[in-house]
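Should a chain be cited, it is by its letter among A, B and C, assigned in written order, with residues numbered from 1 in that chain.
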Amino acid sequence: MEQVFGRPKALSEKRLHYCPGCTHGIIHRLVAEAIDDLGIQDKTIGVAPVGCAVLAYDYFNLDFQQAAHGRAPAVATGIKRVLPDRFVFTYQGDGDLASIGMAEIVHAAARGEKITVIFINNAIYGMTGGQMAPTSLPGQKTTTSPYGRDINTVGYPIRVAEMLTTLDGPAYISRVSVHDPKHINKAKEAIRKAFEVQIQGLGFSLVEVLSTCPTNWGLSPREALKWLEENMIPYYPLGVFKSPEEVSKVGA
Amino acid sequence: MAERVMMKGNEAVAEGAIRAGCRYFFGYPITPQNEVPEYMSRRLPKIGGVFIQAESEVSAINMVYGAGGAGGRAMTSSSSPGISLKQEGISYIATAEVPCVIVNMARGGPGLGGLTPSQSDYFQAVKGGGHGDYHLIVLAPWSVQEMVDLVGLAFDLADKYRNPAMILGDAILGQMMEPVTFKSEPIDPKDLPAKPWATVGLSGERKPNLINSLGLLPEHLESINLRLQEKYKKIAENEVRFEGTDVDDADLVVVAYGTTSRVAKSAIDQARKDGKKVGLFRPITLWPFPTKQIQELAAAGKRFLVVEMSAGQMVEDVRLAVNGEASVEFFGKLNGAIPTVEEVYREIMSRF
Amino acid sequence: MELDAIFAGFGGQGVMLMGQLIAYGGMHAGLNVSWFPSYGPEMRGGTANCSVVLSDGVVGSPVVARPQVLVAMNKPSLEKFEAKVKPGGFIFYNASLIDTKPTRTDVYVVPVHANEIAAELGNDKVGNMVMLGAILAATEILSVDDIMVSLKKILPERRHHLLPLNEQAIRRGMEVVTAM
């Protein structure tokens, strides 16, 4: 799946620390490629989460701020309000965004904050060693749902893209996956579109990316891709949930 | 004697809590304490208890507020950044006088910091931590065995004084394994004394109970504060715990708690072999602090060396206790590494 | 009596278990013991290590800075900890994976071809037990029985059929030392 052509300018030379087969790395590349394509490297500020992507600031050739766990959308709001002509994105995991940071993401979306959110849904807490996430599937075994996620006691997974779509603030919301080359291309398109929405000042944009965590799922990289396709996509349907017609096809 | 079993500190504090009758645990993952919620998620559902992974530490501590207010033995655990998030809730809990236990397996800060052990949350733990004039009862175990013993004590003291209690550990105490003995029979929560103040529903028999921290009228707020201060005085008089080793004939007393006191103990043993008169004073309650005992040692002409994994926090309480009557020096580590036995030994030897 | 040891290697080489077995064995022998692992994302890099202390007194620091016994299952581990071993101590290294000998001359150096011996025994996973055997024979701190009792406790019931193989591996490791 490694793309053969060169490293995007917006990506640094640092070696990624992600586990073998983890798709965080692919998604980093897609974000960097979108930034390159749109020619906005000099005007983009990233906000890193707390999660496995906590070191995202090392991997992008961009100005970055590191936020407290879950607070990236609030930090991004602060940056964007000071620098309305710059482009600001957050990169957040499902624990970061949909658990501890649920208030921040909902309110940034509701305000129509003109930021872009790259939301990595891997159905688990990677960094802390495989605890249940708000997006863990019913029956999924994790270190804090050792008997499988029991919907009677811990409830149901949260479909973030659909939930935020109920708000009027967001301009663009979609869900993509990176489990095979075809879907990776679609994911890249979606990420690029999300940035375009911001460039055109149309409002809040979010791309939910279904991602793997072979380490904490206890699967090989190949099995993990298959597990994502067979278990996550049925629960988290792919597609565009909200999109402004005005977004032009070609970048700025 | 009961059997010795090997346990991680994190698991021991969880099992100790369960044996103390804790059936309600609310937490949020954070390294290096993840084994606490993981253990609770395995055990509590099997014994009629409740484990909830809250959406955040803010939520977890407020679940504890509710569960403790409803009369249950409730606990939460976290590590430094998560404990910071709990401070609002802890301030409310202390003011509303809801018993509960909070475990902090501290890691290096400030900010997001790192995952290495640290004692830099001392101020936060013993001086209140959130807004307002309040105190937690703070217990500092130095071994996996004390994780078990002190978490039981924490629940008892919390109930006795209707006050939140904290176990202040660190990454090492949470991650290490040692043999532990469960000395007493597990407590069945049904056998615990009734809590007539709890909000459990009127059953038509009494005036409504209220768990509250609001005091809008100045006189009312003052009376709440006076009551709390009165209680803190009583706790300070009755609940100080500490351990002194080789202190009586010592010229130099090393003051240290938790992990650091173990390192100090090894260094002191070495220095004793070299004929140096040095002893260890180990506070077990960090609040209430053994102020009087340290005062007495100062009055007996001893000098002090305080060793901490911080820039110097407990040393301030030692200085307050000594009140200028003896020299109090400090050796601290900031870089996330713990002081080594050799380092502390050198610090001791350089003072003779 | 006090023993400070560091066990280090790749994740998957069973270094944590080796350390735990020594600690459990020490407990079984009536000693005070502690075991302290590397933890958290530092494990993701693939290297793991643990500190073990056995003592007939109170165990002081559970984090071993200057071990008497170093067990290095791979090269990075030997490079990291070799200089820290106390003079007069032991370095056990996995000669199957480490081609450069330790340079220290003030310690006992014990090469163990753990992987080859494990392969001869028909199970690649017991390299750590071979190593453990060498440690038992060289240091005489614990008996095979102390370790086997502990292993029985740690190993889940369904894997108890592996106990004889593990004991065999320990004994083969002991022979490495007695043949030296």
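The rule we apply is simple: a contact is a pair of C-beta atoms (placed from the backbone, for glycine too) under 8 Å apart; a residue touches a chain by one contact, two chains touch by 3 or more.
Predicted model only: the values in this text are computed from it and were never measured.
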Centroid comparison with subunit A (C-alpha atoms), farthest chain: C
Middle chain, criterion being Cα centroid separation: B
Inter-centroid spacing, subunit C versus subunit A (mean Cα positions, whole Å): 43
Between subunit A and subunit B, centroid-to-centroid distance (C-alpha), Å: 38
Euclidean distance of C-alpha centroids - subunit B vs subunit C, Å: 35
Subunit C residues counted as touching two or more neighbouring chains: 40-41
Sites on subunit B at which at least two other chains make contact: 31
Multi-chain contact sites of subunit A, meaning residues that touch two or more partners: 127, 129
Touch list for subunit C against partner subunit B, complex: 20, 23-24, 27, 32-37, 39-42, 57-63, 65-66
Complex interface listing, subunit B residues touching subunit C: 4, 6, 31-32, 115, 171-172, 175-179, 259, 262-263, 265-267, 269, 338, 340-342
Sites on subunit B touched by subunit A in the complex: 28-31, 34, 37-38, 41-42, 45, 51-53, 55-57, 81, 112
Subunit A residues touching subunit B - in the complex, by the definition given at the top: 50, 54, 66, 68-70, 95, 99-100, 102, 125, 127-129, 131-132, 134, 143-147, 153-154
